[in-house]
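The chains carry the letters A, B, C, D, E and F, assigned in the order they are written, with residues numbered from 1 in each.
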């Protein structure tokens, strides 16, 4: 098995695992039952998406997806924080 | 898929192992999200992916790119740093909001203020 | 002079480093830009956070980082087994109150990050007048153990770093 | 791959259209967002699907166009994303204003039967 | 050195944009300066438009028709975005500039203070329209459509108030939907032909493989629906009368051109893509255009009859005028298209004038412009409070007579009664429909019947509304400020001028019809290179 | 002056005078009248000069192109007929002007009146002198228009308004038909030129479109000349000032229809269709008008119906189709004009001097106004057809024609009888008019004391009555030559023999005349009092044309409303549904129902991967659930839409679009925040509110579901069809080839955005800027709904609990909650700025760019707002989004315009590698400046959008506080 093949299959497995994980998070988002559960689901989804992008970057050897991952890592919490704050205070910016 | 071939096979195995174990941790976290019964339990689960899972994959990625580019390519570590700093913000706020909501609804399990 | 130029030296250093990390192989141009960015951007913080964060004791920082790294791995394992654990032993999750002596905002922030990053514990609510922290713990075997762990392992170090 | 994406676009479109036909302004704005995604993906799909061939040139020298995805739809989608974002914001504000002035969040600006 | 003449074509887009941008840097209260800037800008636009129109009318060096092509960023077609000023687009430019100047003038009396940043939005709307008619690129057209629409959302809501907001909500929702169709259509066309430049697409239409043609047609149909929504064709245009009637008068006046932009694009694309040499696609959609246009005319005519307010009737009149041009576009007869264009120019100006007159007439009535209805807070108690402090215009004693005269002229054009320009246009249409040897088609007769019926309906409706507005009116005559006077008079004078210069105007329109019927020239001009 | 130019005077003078008159002060009645008087007089003089030329038989022409593309010229053409009518128009016009000067009150703003009158005169002259069919139709409509203004001159009077509207509606509608008719005629003849048309009579009559043209033209002519059943507008038009009636309804307006029929008589008459339509319309009108006239109690009403009747007579004559009948028609037209004008004026005098026109109140006026009485009696006698007066002559001709046509057709059999009856009736009403007004006892209880009118008010009547007598006595000398010229211009050289003698010997027509005269007088003796007692005509009184008209118009209105209601949509949902359905239908039809060509195209499908499929399971589930939850669980919908956005972002990653992924992600974040900001102002919505209309709603939902499913399936199918086809866009190749070598960037997408297609980007940021402006403008006047006012529930509860505890102040909960987030968010701020800078600088070569940088920066701001509140941030950071928007736009525009300086088109980019000290070789591109403008604008607009919404709660709580303080 060449390195390329190892990476291709191995990282493919990793991707599948992450996507499964996303699926479960989505289930939480859909089912709720409460708003905080959904937000938690979205947060998990973001996290998994970011990891997925990293793995995908390795798998396709494209260094160009780094920004997308960085943005999720650095700014992705904005959306979920806003949601959480909305729950807490009823409005996002006071 | 045009995976680069200049990666030594052992490095490839390590990268793959890191990535898979990281992914597994993330998956475990998501499973926790499903199997736990209460919100306050569920909220712990994704942390798996956000901490160690993320760390493993980031390390794998760093290693991978360092090999590919033939130099120390550490920028993926930045993702790790920022994610570590930001994820708790969400969770803290979310937990606080949940506590507030449960209190308003009169949930007994929540300690009063 | 230095203060005027660098209101937050650590921040400037962080920015400088970040820029270099972001831009791959370091070239002279990048260094120039990084230096410029590190000098100009923190000026914004003059208005947002005028008081300087006095960080002390780099050694404590390192120790804290070490603890955290170990604890994260350990609790990751613990929580993962909890989730995947086939036998599903009865676990008690619940809230505990931790009285904190730490008052420094940064210190509290770092503590929150540490606690939350460690699977199994979650910072929920902090009551400033009493300095009491409400914590949710996934596997609440012994309440006092947790309080001892937090106060002894993290808070003391943080008190060193952020007096 | 094509099947999956086409189905995805279809589902988004269906959900969006269904919401678009609902009476509440909030449903409509969600519907417009979903349709926006669907349309963005549709435009993107018009450039055909190419994995691992981002249109960022690797080195100077003669370019092999077959090694890269079609950049045109991507540019179009970028423009479309921005515009649809702006207009979503606008619609949101208009619906808020309408809700404020008329007191109703019905898309007609008044409850049916009034 | 710079040869300014070369860049004239881009002026109608860049100038209002720059002026609007500059105005944003000014403080809000500097109304006078802003008014001055926008007035100067619009004057310059009128000048530029007529210069371009003149050039298109005179033709190329050989005297034959040509189009001025401008490659933005020096990227030649079909790769870059091109602007094309031919007979049709310069006609639209001139129409836009004129109407916009009228609306702006009117607004200077008081409306420009009824909400913040009126002038900037207004200029940007003009920029959007100009861009939409000048561009030769399908996606760029989308962008300028959006500029135009975004500005129109803002302007429709200008002055606030329940009526406007309610109308605005529907207007925005529908136009957003239409924009999505637009995107689908454009991208589908790109997906099939691999081209975005209109001339480039037209160039390839004939050679589209048979199995791709259905997809291409679907793209064109979806695109067409998007434009027809904008052009307010039945059953897509129910939004128009309410929205236009709700808009403040100067805005409604300039909106009269917006629906014509939809018509313009339909006309442009139908002639370009589905002309005689389009292979299997030749004549695609003509029947639909014809029927949709006729249905629109009938619906608009019925709407005019059912209208109880002048501004509403004017809205329906806009529909009628769009429908007429659409139906004629569906006949694909060059002479008729020429007549329809002339008619369009006249009826659009007249509709603009009608909107303005309606607002003046409504003054003193229980209208939406009264302060109780509009919602203003801290900054504004009353949109026109400024009037009490400093009187801009003076009350003209003969205001009613003047308004009445203007109304009659505008109504004549709208009804297309002789001897004004609406009549000349419709007559040309009739003559063209009846021309040619052999038996006349049923469609021609139906169209003539429909158009005559719509004239009749307009006659009845406008007579009723005019009688109610002028003759039945009790109490003091409406106040007309001098800018309003100038605006209404100016628009009506333009109608008159079109009528007086019917010879030149009709010749221009007729040649435009011919030019559109021979898309090869357009394609050649664009793809052959340019500045 | 050459003859041709002389033509312009009678046509142009009235218009010129009208324009002058409108600018006269409103009390200048002498000046206005003088102006009008001289205009018509000058016209008359010119016409007189032109007569010799006209008499040669060759029309005098003057022509100038009008609508050259149609071959339509503006042609003034004066032949005998036109001359005759022009003289009538101008001559009677002059008299009416004189009369009106005295008739109109000193308080009336008469210059306007005279202006309308003059304009009408000009239009009428233009019509009769038209040498082109289109021109004729044009002036035709103008006469309708000016008559509308004249009839409605006293518009404070409802009757005048209604009469004017009715007249305009009927005549202008007829005019529209006429217009269509002449276009058809022109199509048949190949030209609109009158000479050409008149010369192609045979072609016209044999054309398949003859009947169409005929019906359309007659629709115009018959409505205008008030023929049954379109006659009703004329009596209503009597609400006009009497001079107007005298002018319009004797000599001009109503004669336009007659004129047209005479004008086109050579080419249209003589067919069966012509005979049936025109003849029967004329006959019906003749009898109906005469019968109705008998029963009128209003002087003007009587005259109006008598006018209708006489117009019917003329029409009937024309309908007969024989040349002699045509001669009679022309002759009677002139005669009718003279006597009817004088009668109207007399009626006006009576009205003016007594204050009433009701014949039942008038009586014995011959004593107080003997001269007027004498004049009216003569004119009425002419109307009745008493010998020695002009009316007698033309009536004799009519009766002769009626007799001559006996036999053959059905109508002809009855013709002599009906003609006699009609004549009898006209005698009857004439007698009634004279007898009841001027004879009998002294009038009692009149509003005014009657006396003779001013000298010059009576003068026009005297002139006209004089003409009646002169023509009646010496027809051959006076009217003969004129009539001959006119007749020849219609009938051509083959004019039949006719004699304008007073005495034709004892013959059948004479007998009929005698019967009519004697019978009429006798009948008046018998029925007079009973007629006075009936308020509407016997038998036909039930037929009320005006009411029928009202019904028709109401029907139109109802139909219109029905159309608008049924075929339109007033509800937003219905509108959207119509649009979506139409689009689907259009797409379906456009595909030709023949499939999308899958078989021929040859599919190139990539096998679906597990990962991607899973991804879209997530995406689809999110979308469907969002659609499901959007009504009652808005927050859930926002969350789920976020999921969809994430999936589409990942799709971009999957298929090689890093720029898209980046931008999508950023926009996603901002959109979520945006939607959340909006949520606060929406009403609470709880499930379970069932209504009675639940079943209906369910049905609608099912329909919508079907529509949505079909739309989704269609889109999917189309997308699939395109994706599986080989692509061959030459654009892509070109851009990839030239991006680096000529655009100076490796990131082709970015080069497209800031260079190849920078114009798109310019437009795009303009949209963003506009939206920012609009939002800002809207929200400055934002007023929340009553139930969203005040603080949110959460805030209230938390503040209350803060209040309860002694060791806490209000707001502590917030500050404690945000303690940790604040620290992180604040310290992230510089790093996000750094990220923005990074994205911006590398955009040209790698994913990123101005837009991404701008959004990133705005997120940095938003975070600060979220962490610390709007007031806190704005106290520290000076944010002027509008200036940023303006500045960004300006920078972008200037960057584009800079290329002008080098002679390149707008937005031509320029790039170069520059050696900078320390840094080394650095690419500098003007596109970077453009991109900077983009970034600046994006920050401004995005921050503006979010902050403007966020500010609302701040402002409202402030307002609430102020309210409490006040209370």
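One rule holds for everything that comes next: a residue touches a chain if its C-beta (ideal position, glycine included) is under 8 Å from a C-beta of that chain, and two chains touch if they have at least 3 such contacts.
For clarity, every value in this text was computed on a predicted model and none was experimentally measured.
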Shared touching chains for subunit D and subunit E? F
Spell out the chains that contact subunit A while also contacting subunit F. B, D
E-F or C-F, whichever has more C-beta pairs in contact: E-F
Among all other chains, pick the one whose mean CA position is farthest from the mean CA position of subunit C. F
For which chain is the distance between its Cα centroid and the global protein Cα centroid smallest? E
Measuring between mean CA coordinates, which chain is farthest from subunit B? F
Distance between the CA centroids of subunit A and subunit C (whole Å) is 22
Could you state the distance in Å from the CA-based centre of subunit A to that of subunit B? 9
Averaging over Cα atoms per chain, report the distance between subunit A and subunit D in Å. 21
Taking each chain's mean CA coordinate, subunit A and subunit E are separated, in whole Å, by 48
Counting only residues that touch at least 2 other chains, which ones in subunit D make the list? 20, 25, 42, 45-47, 51-52, 54, 56, 72, 79, 83, 86-87, 90, 94-95, 97, 101, 107-108
Which residues does subunit B have that touch at least 2 chains other than itself? 1-2, 29, 31, 43, 45, 50, 75, 78, 82, 85-89, 91-93, 96, 100, 113
Where in subunit F do residues touch two or more of the other chains? 572, 576, 580, 638, 654, 656, 658, 677, 679, 715, 722, 725, 727, 729, 731-732, 735, 757, 760, 764, 767, 771, 774, 778, 781-783, 794, 798, 817, 820-821, 824, 828, 831, 846-847
Subunit E - residues contacting subunit D, complex: 139, 143, 146, 150, 153, 157, 160-162, 165-166, 168-170, 172-173, 176-177, 179-180, 183-184, 186-188, 190-191, 196, 375
What residues on subunit D touch subunit F, complex-wise? 1-27, 29-31, 33-34, 37-38, 40-42, 44-58, 60, 63, 65, 68-72, 74-75, 77-79, 81-83, 85-90, 92-97, 99-101, 103, 105, 107-108, 112
List the residues on subunit D that touch subunit E in their complex, please. 20, 25, 28, 32, 35-36, 39, 42-43, 45-47, 72-73, 76, 79-80, 83-84, 86-87, 90-91, 94-95, 97-98, 101-102, 107-110
Would you mind writing out the residues of subunit F in touch with subunit A in their complex? 610-611, 614-615, 617-618, 621-622, 625, 633, 635-636, 638-640, 642-643, 646, 649-650, 653-654, 656, 658, 661-662, 665-666, 668-669, 672-673, 676-677, 679-680, 791-795, 798, 814, 817, 821, 828, 831-832, 835, 839, 846-848, 852, 856, 859, 862-863, 865-866, 869-870, 946-947, 950, 953-954
Under the stated contact criterion, what part of subunit B meets subunit F in this complex? 82, 85-86, 88-89, 92-93, 96, 100, 104, 113
